[in-house]
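Two complexes are shown next, each including chain A; its partner changes from chain B in the first to chain C in the second.
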Partner chain A sequence: MRLNNILRIALLSFKEGLRQKVIYGVSCFGLIMAAATYAFIPFIGFDICRVVIDFMLMAVSAGCLMIIFFLCLPGLVNDIREQTVYFVLSSPVSREEYILGRFLGFSMILFVALVILNVPALLMVKLYIIKYPGYVPLHFGWHKLLLASFFKFYAALVFLSFVFLVWSIMESGVLVSIASIIAYLIGQNINTVKDIAMNSKTMGITAKNLISLVSWIFPNLGYFNLNTYAAYGVNLPEHYLSKIFVYGFSYMGVAIVITMFFFKRRDL
Partner chain B sequence: MIKKGIVTIIALLFYASGFYWLSQDQPIETFSATRMNAGLLPSVSFLKTVCGEFTPLVSDVFFAYGSVLAGNFDRSAPKENWDYLFQVMKLARDMDPYFKDPYRLVQGVFPWIPRMPDRTISFLEKGLDFRKWDSILPYYVGFDYYFFAGKYRKSARYLFMSAKIGNDPFMGSLASKIAYRGGDVDTGITFLTGVLKKTLDENTRNTIMMRINALKGVKLLKKAVNIYKKRYGRMPSSLEELVAKGIIRQLPENPYRIPYHLEAGRIRFD
Partner chain C sequence: MDAIVLESVTKKYRSDIERQEKTVLDNLSFCLKEGTVFGFLGPNGAGKSTTIKILLNFIIPDSGRVFVNGLSPDRHNVRKEIGYMSEKPCVYANMTIGELVSFKSYITGVEKTFGMGYTDRLLEKTGLLEYKNRPLKRFSKGMLQRASLALALVHDPKILVLDEPLSGLDPLMRHEVIELLKDLREQGKTIFLSSHILNDIEKVCDDIAILNKGRIMYAGKIDEASVNDGLENFFVKTLTDLQ
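Let's turn to the complex of A and B:
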């Protein structure tokens, strides 16, 4: 594998995102979310800063998700459908380099979106902290807020790796979209479902094992949800952040390796 | 070109008349009387499954909806509507149990207007598992146990908790008074005066002031009854006897608009 090839494809993917005016879209979305926050705050009596933080983190999550569903996923599907992948693979670029380059390029777009979405959001939080100093949560910290925001982006990367995996197996764009939506919903709720299942006295051992298996296959996106930590400064278990970082990194690694494996054997 | 303009104007007129018709459909005055069905609200587990990481936002939306409803309900609203509002607040709480506002709204409305102190207490008690740094929640629970349920020991337990979290010596001494003296009149007045200082809402302040004034009347009458007992060696048969015997010039006015009276040896005001 040559790093140059990977970077070249990453840059191409990034430029493709820019061509599709993703920066404008994300900026507009950030501003709309800031306006929505401003309009919503009069309904809230006390926990004003917490609501602003919620809106901010939601904007990051929703922005990243929209990029995955409206840019990354169609981009991957169109590579095959419109046969653009042939142009890339006909040059001296291996399929593994193509996958890594594409993933890196989309990650760069998501990172830019994270930065853009954070600007109006952080300004809004700052504005409300100045305006309502008495309503700042007791254990609030900027570093906690930024960490929560970063992990939203990180969760998007983990989810993106799963989308790559699904795309490498399925040919139909519709199927990839449906499978991705289901994976997202499962990923967000698997912790709750697992807790309920493991504590259930009526559920059989087979069902419990099945749920346990599902929790290993799908990305557990609930781990990266640090809203409560950011909004209230609630203590996390020891080494939690490093654990989820390692989990996310290893999940992405495994998913990309499997994607390469299937994509290499795919009949294009 | 002219045709397009005419079509646009007609479409706009249709939109405006539809909008006007809809806005006339449910005037605010009858909003409170419209019966609502809490059974139609979605369940927490369903919402959590669908909303995933956006659950705190859904909590905000339910709270906003609930506060609009609460603002439009009056005392004449049917019980179903209060049940509906309570369920909306439960959704707001369960979607994000750390969110302070649902607890505040429930405490500010439910024990006072629809007279649901028990439900309020159970609502607030759930929040104690989450908002462990917040001294206001146990304070509310302690207040509700004292003011509405008349359970002084339980009240004292929560006030102690509040004093410990908020590092508040006043609250601590008050809790101990309630615990050991069983909630006598002086303690009641002191406690309610403390509550009054922390209350901003005008209606709630008025309600508390009424109770303080009623207790002040009880305090005065208790003193007079004690004098009567010392002088005649027995309880007066009625409070009017205190006036007849010249111990007090007249019975104090009860803010609850019923005369103070004796019932099984205790002075009653409500």
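Let's turn to the complex of A and C:
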């Protein structure tokens, strides 16, 4: 596998993706969310800064999700349907290099979206800290907010790797979309469901095992939710950040390897 | 050496609707010598595009062996020697032809071999230099065909695999492409060409094969095929006699 090929494909994906103008839509979304925060937050009489932080982190998360569903996923589906994948694979490029290049290119677009979405988000938080200093949580820190925002992006990367996996297996773009939406919903809630299941005295062992299996297969996006940490500065469990980083990296690695396995055997 | 060899290649598809297995290529065997221009003919659905995709490793045959330049197509280095032009232009519409040619020239390493300015020289040769910075979504059909041909020629490949290179072109452009193909033949390139336009095939090909329902119906010199009534009549006669 040649790094040069992967980087070239990544750059191609990045340029092609940026020119599709979805990023402008996401930027507008970020501005709308900031404006909505400015308009509606004053009506909330308590915990204002916490709500602003939550809102802004939600905007970052939603913006990254839009990039995945409106740019990355259609890009992959169109590669097969419009046969644009032939352009890359008719060159001396392996299918593995193509997958890694596309994933890296989409990751770069997600990072650009993260930076763009963070601008109005951080400005809004700063505005409310200045406007309502009494509501600023005691242990609030800008580095905690940035870290929480980064892990929204990281969660998007983990989810993107799952989208790649599903795309490599399924031929229909509709099925890929449906499977991805289901995976996202499961990923956001599996932590809560698993906690309830494991602590339940009435749930059978089979059901518990099934929930445990689901939590292994689908990406556990709840792990990357650091909203409370960002808003209140609460202490995280020891080595939590490194654990979730390793989990995310491992999940992405396994998902991409399985993607390569299936894609290599697929008729294009 | 034979540039392209297919030995007993079979490919079947299972239709989702009919739930039946359909044989697209049935024990297909032929070989193509270096330096020849080979016309691959057949009616719609004969298996021509499937054969081409197998040569490029886009499709994996169910059985049989394929060699391109002596190597299996699943080795991606093989494609350093192949220039491919698809029937439908398969390009990223928001990119410019200059960017795509640059991409190909970096990936294949020709930029290092031929130096800076190679992209411009190639675009000038295919009449696309003035459109270098125009996104491909704003190209006409004829310009897209030329762009696809330019992308196939970027790395000066030994073997060209062209799927319907003349379709959608006006007569003037068809003439220019045919002259280009003759020029490439003089340079010793091996050209594997699939087309429905039999008049143009007669002008440029040395050998032909006629494919129908995944099987070779005729393979031989084009002079022998077209000696009596012309290639088109021979083509129709071959297909109707065997039905």
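The rule we apply is simple: the second predicted complex is superposed on the first by the 266 of 268 C-alpha atoms of A that agree within 3 Å, B and C clash if a C-alpha of one lies under 4 Å from a C-alpha of the other, contacts with A are read in each partner's own complex, and residues count from 1 in each chain.
Rule of thumb we're sticking to: a residue touches a chain if its C-beta (ideal position, glycine included) is under 8 Å from a C-beta of that chain, and two chains touch if they have at least 3 such contacts.
Nothing here was measured: the structure is a model prediction, and the numbers come from that model.
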{"item": "Simultaneous placement of chain C and chain B on chain A, clash or fit", "value": "fit"}
{"item": "Which superposed partner A:P92 touches (first chain B, second chain C, both, neither)", "value": "second"}
{"item": "Touched partner set for A:L12, first chain B, second chain C, both or neither", "value": "second"}
{"item": "First (chain B), second (chain C), both or neither touched by A:V234", "value": "first"}
{"item": "Touching partner for A:L138 - first (chain B), second (chain C), both, neither", "value": "first"}
{"item": "Partner, of chain C and chain B, that touches more residues belonging to chain A", "value": "B"}
{"item": "Partner chain in contact with A:S212 - chain B first, chain C second, else both or neither", "value": "neither"}
{"item": "Contacts of A:Q20 with chain B and chain C, given as first, second, both or neither", "value": "second"}
{"item": "Touching partner for A:S200 - first (chain B), second (chain C), both, neither", "value": "neither"}
{"item": "Chain B versus chain C as contact partner of A:S250, first or second or both or neither", "value": "neither"}
{"item": "Superposition-derived minimum Cα distance between chain C and chain B (Å)", "value": "32"}
{"item": "Overlapping contact positions on chain A, where the chain C interface meets the chain B interface", "value": "none"}
{"item": "Touching residues on chain C, where the partner in the complex is chain A", "value": "53, 56-60, 76-80, 82, 84, 86, 88, 90-92, 94-95, 99-100, 103-104, 106-108, 135, 151"}
{"item": "Residues on chain B engaged by chain A in the complex (per definition of touch)", "value": "48-50, 52-54, 56-57, 60, 63-64, 67-68, 96, 98-101, 104-105, 133"}
{"item": "Contact footprint of chain B on chain A as seen in their complex", "value": "40, 43-47, 50-51, 54-55, 58, 61-62, 138-139, 152, 155, 184-185, 188-189, 192, 221-222, 225, 227-228, 231-232, 234"}
{"item": "Chain C contact footprint on chain A (complex, rising order)", "value": "4-5, 8, 12, 15-16, 19-20, 82-87, 89-94, 97, 265, 267-268"}
